[in-house]
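Naming follows writing order (A, B, C and D), and every chain is counted from residue 1.
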């Protein structure tokens, strides 16, 4: 019974994940006093891409072909590990919050390889920057996760979500994780999803060579990945009201709101300023661990 | 009686050398003679482990220690004699040795062998002194054998420095005689006699006497800072003679020092000699280390390596105890063999390249594969790497050091030999590996040399783990003799 | 020798068996690989010599981990170094090999000297070199001496393991050996140093102070980061792998060092977990590093170059090699569900157990160590994206690369076998962890009968106090595969057959994209070079030849990084030694008068100093 | 008393050798020294009525007073060596240093050796001084022949020491040592010839080809 609920939950989140992206985009446009596209625009994009013909470089190999599927699988597997509302022991047994990091790394690894596969300088640059940013984001992510997990004594997300106490350390860790989330979901100030300008592209440069169905899969997995991060923020940092669909939805909306607000209010940083941002996140997460060690 | 063969055979060989007109038969007979001596010395060693000691003429006294050193000397003599055969012939072919000069070489070679055997078997320490001095005088001609500027310079330095040393050794001998006759009540310089009355001797005089003995014979043994003649002589002497100097001459001088040390230790315990020997041992190793690091000449490199090993032997001897002295004696044996091996290889290489400058020798493995391998094996053996026997003796000395509480000395020793290992291997690998000179022809190795190389390699490999029982007994009773038991 | 009876009998306790298994697991495929690798590259005599050396190398390693006498250990240890030295200098006409070999043998020998001193100190207390006697004998050792012995062993074994800053021999020696030897050296030989540490420090001496573990952890963390950063900068494929060995030794030591700390903090569960994680990473690293070195060897054999800037596109010519290299890269980058991931996850869990269970500053220390591990993992992934991507993907960057052919079966079979192992050791983690926990318990002397590490034999459950942590590589693998399958079939069903047009890579309208316009490894690593510039101290050389102010005819750009350890530690040391030696050498100027004066001075000084003796 | 005077004369002649700037002076100094040594041994032999000692004295006279100086001079003439000895250290300083060495020998003798008679003590002291000064001559003089002379001074010192010690060493040892020294000087002479032939000089300070 529970496992069906959980699977249903996963499918729902997968289905709704483009909506969240559309919602953020809509919010941003509204903040900018623009009309913008509707919140269902990501769905239109996906359906267009899925049915379009695919153009593929002759330099590519099976890595390029399989990367979209592997990336999608990694995002979905990560999502399965997140007990957003319902949780199920057998899925929990697959792994803990650290596992999510490892699983997402699989997708990233293949996307980065695919970026190099076509032999264009854009792809290489994108891969290089993506790996650069993610590797620097890794320590602060781990520290933040440690801080949160230390409060409950377990790295299991289920256990973390099950303790409805808001710790100060959790909040600080949340701030650090939020910065990591921005970096991982290609948001301003780290990356910009909306531009295809050579100098600023990171993620988009990496997948520049993709088109049609493969691009659709990649975009879908980005949406899902975004939901994974938002859900972790929602259930691990503020672990109240777990198991409640409405509270969860509310939290996601709130996070989306924050992201949108942040995206319109600051400019994109150049690559080497991102390092400073990530260092800031690292310092935040170290503080979080410190607070956890003290027990607050 | 084997000892007569050992003493008379060299004299005979020396005496018959002038009868030969050709080098080839003489070299053959010489090598055969030394083989006979080697066999006799092994038989002597076995004999002595049973009999304990042999004395005759009131002049000769042979115990295990003598037999052990005679064995080492005979081994090196044999290999050197075998090697000389090819070496001198090549010299004649290339015009370095003209006319009947080879007769001079073989006669001196055998006279030298005689003096060294005499040193190891004489009882009277005065006669020992005479024999060592004679050995120096004879070998001076061998060092200066090529009669060119450099070799004469080396020979002159060798002669003068060793003469000063030997003079000091004589003073030390006089001191010993003084206290033996004054306090011990004997009027001879017999080692056995002095050992008997050792308890009555005057420690004050013994101390000073030992200083002179150590500096005096130490000059001949190549203990730093009196070692200065050694690299020059190694560099200029024909390669078989260099092997003789390191395997026989240095060891004979050490032998004399050991004999005296036994007397002093019996009188006043091992502390005094121990401290001195450890100090000079470490000093020798340290100085050798510095010179090995900065060395550019392959033969001098070997000279400093000998200084290092002499240092190790005296360190082990100074540390004392059954394991320390046993290790030192075993090291005498190992070093003699390993050094002989490296000379077998290196002599050919330096001759082929017509230089001993290490910067000009590369790729010897390509040009002379067999000699290259021999040098490589010997280099690792000399540097103290297992599974070669020098490792065993070095580790014995280190164990003894820790057993007797000489922690600092042992640690310095181990670090120094590690550094020497590095420098030594660096130099040797530069010579052996790499591309050989473009237009140099590949050179084979004569069968005799091959057999010698394989034989020595086998011995140093096997003795690292197991030694024949008679050898063990010989070593054990030598240790007891030196400890005055 | 009569006074030194070396006991060569063997000892097969769990620790020895574990290492023996690792040695065999790697050596046998490497040996099979060498059949194809050596053929055609060397003369038959040389190949026979190579086999003899390899065999004695492997046997000496096996002896190292099984003998039960310290002197026998030393002999086996030095034989191992010696045979590997000859294998490093196997291409004996290469100037580089000789230099690398010399640095290697010198450093390793000095390390051995430290180990020997350590043994001798232990011997002074135990009176015997037998391991059992040493274990009982060293109980009476005063703490100061124990500390000294620890430092000696750490330096000695650390040199062999390649801990920063004792690592400099490793990146030059490992790549110079023939590839199957690089594989054994990196995969197994440096692990014998870990064996030494476990056997002689943890098992025999016993962990005595807290700072031992702290020191190891700090050194391990430095090794991790330094190793991976250097690897990122490296474009010689085998050298890059060698730097990763330093990194991975760091990760292994994070586990081992954690165990040291936990033992002293009296956290037996965390100690066993940590050590098991370290051992797990040890065997994992053995597998994937051998795999990668063998793969790199295949590339080298096929193309004749190790410089990845000259490679590219090999995935088409060498599909099997590429696939196995990819698996190796994924494993070393800790990608699920392969083996590298499991051990890194376990190490993180061990640190988490520490962070939860320890008190005060250790909580933060453990968390920081975990962060270092995470950073290392991220950087390693970046590095292998570079290594695999530039080597195997896109277009060939040189004629050598475009002419490559797939390797013969003997080489492929080894690669495929090891690739399978990366999967087996990932999926089968629960079984392996149980075994390793047994080994860890034996080494540390902790009773593990009440500890549980797995659930139902397919879920890892590092449970100390019911904290519900689970992880199952098998489940995640099933999920991943089924999602891929469902997605593929689903997309196919929903949208029909994929309509693909093959064309050129998008070139922004510029009509001719060639391999010269591809992204290079140098460019790939540039962000890292800039971020770590405080440590790498990069500098560049540009050379412009221009016709006029506006037209540059040719432009040459070279970028270098400063080898910090070499430049600021080893070169000054060497200069000091050489300078000192050259100065001492002056005491022998060839003047006989001075020589006689030495004798005079010696005797006079001795007479004056007589009362000191 | 007489013997004390002989000893004193030996010391004085040794100092004269230290101060010598020319080969002839050096050899003459050596003749003097050996002569006094001969007198000393002779007196000792007569007093103690040792026949062996008398024989030794006779040998001493033949070899050291007649043969060796003669051959030294012959070599010197034959190779047309320059008379100048070539001093590293000038005579004045040399004498001071030698004085220091004598003082050292004195201290040493007093502290370590206690002979039965005063004369033996004095002989011992002088012999040690001669040995040290002999080495010093070898150190400070450039010519090969001067080094031979230095060696001879050392050997005279040794001989004195040997006779001071209870009337000489065992006889056959003494003879063997004599023979040895005789041989040594001869061989050194041969090498001086060789050096002269190959280098056209006998400045051993210029033999510095082998170093390091």
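One rule holds in what follows: a residue touches a chain if its C-beta (ideal position, glycine included) is under 8 Å from a C-beta of that chain, and two chains touch if they have at least 3 such contacts.
None of these values were measured; they are calculated from a predicted model.
Under the contact definition stated at the top, the chains bordering both chain A and chain D are C.
On a Cα centroid basis, the chain most remote from chain D in this structure is A. The interface with the largest number of contacting C-beta pairs joins chains A-C.
Centre-to-centre separation between chain C and chain D, using Cα means, comes to 69 Å.
Averaging C-alpha coordinates per chain places the centre of chain B 31 Å away from that of chain D.
Measuring from the averaged C-alpha position of chain B to that of chain C gives a distance of 45 Å.
As a whole-number value, the distance joining the C-alpha centres of chain A and chain B reads 77 Å. Contacts with at least two other chains are made by residues 585, 588, 592, 596, 599, 607 of chain C. Contact of a single residue of chain D with at least two other chains is seen at positions 108, 135, 138, 147, 204, 207, 209-210, 212.
All chain pairs that touch, listed by label, are A-C, B-C, B-D, C-D. By the touch criterion given at the top, residues 108, 112-113, 116, 128, 131, 134-135, 138, 144, 147, 151, 154-155, 158, 161-162, 165-166, 169-170, 173, 176-177, 179-180, 183-184, 187-188, 191, 194-195, 198-199, 204, 207, 209-210, 212 of chain D touch chain B in their complex. Every residue of chain D that touches chain C in the complex is listed here, in rising order: 88, 101, 104, 108, 132, 135-136, 138-142, 147, 204-205, 207-212. Against chain A, the residues of chain C that register as touching in their complex are 312-313, 315-316, 326, 330, 333-336, 341, 344-345, 348-349, 352, 355-356, 360, 363-364, 367-368, 370-375, 377-379, 381-382, 384-386, 388-390, 392-395, 455, 459, 465, 467-472, 475-476, 479-481, 483-484, 487-488, 491, 494-495, 498-507, 513, 515, 517-520, 523-528, 530-531. If you check the complex, the residues on chain B that touch chain D are 124, 126-127, 129-130, 133-134, 137, 140-141, 144, 147-150, 152-157, 159-160, 163-164, 167-168, 170-171, 174, 177-178, 181-182, 187-189, 204-205, 207-208, 231-232, 235-236, 291, 294-297, 300.
Residues of chain A touching chain C in their complex: 50-51, 53-59, 61-63, 69-70, 72-74, 76-77, 80, 90, 92-96, 98-99, 101-103, 105-106, 108-109, 112-113, 115-125, 127-129, 131-132, 134-143, 146-147, 149-150, 153-156, 158-159, 208-209, 212-213, 217, 271-272, 275, 282, 285-286, 289-290, 292-293.
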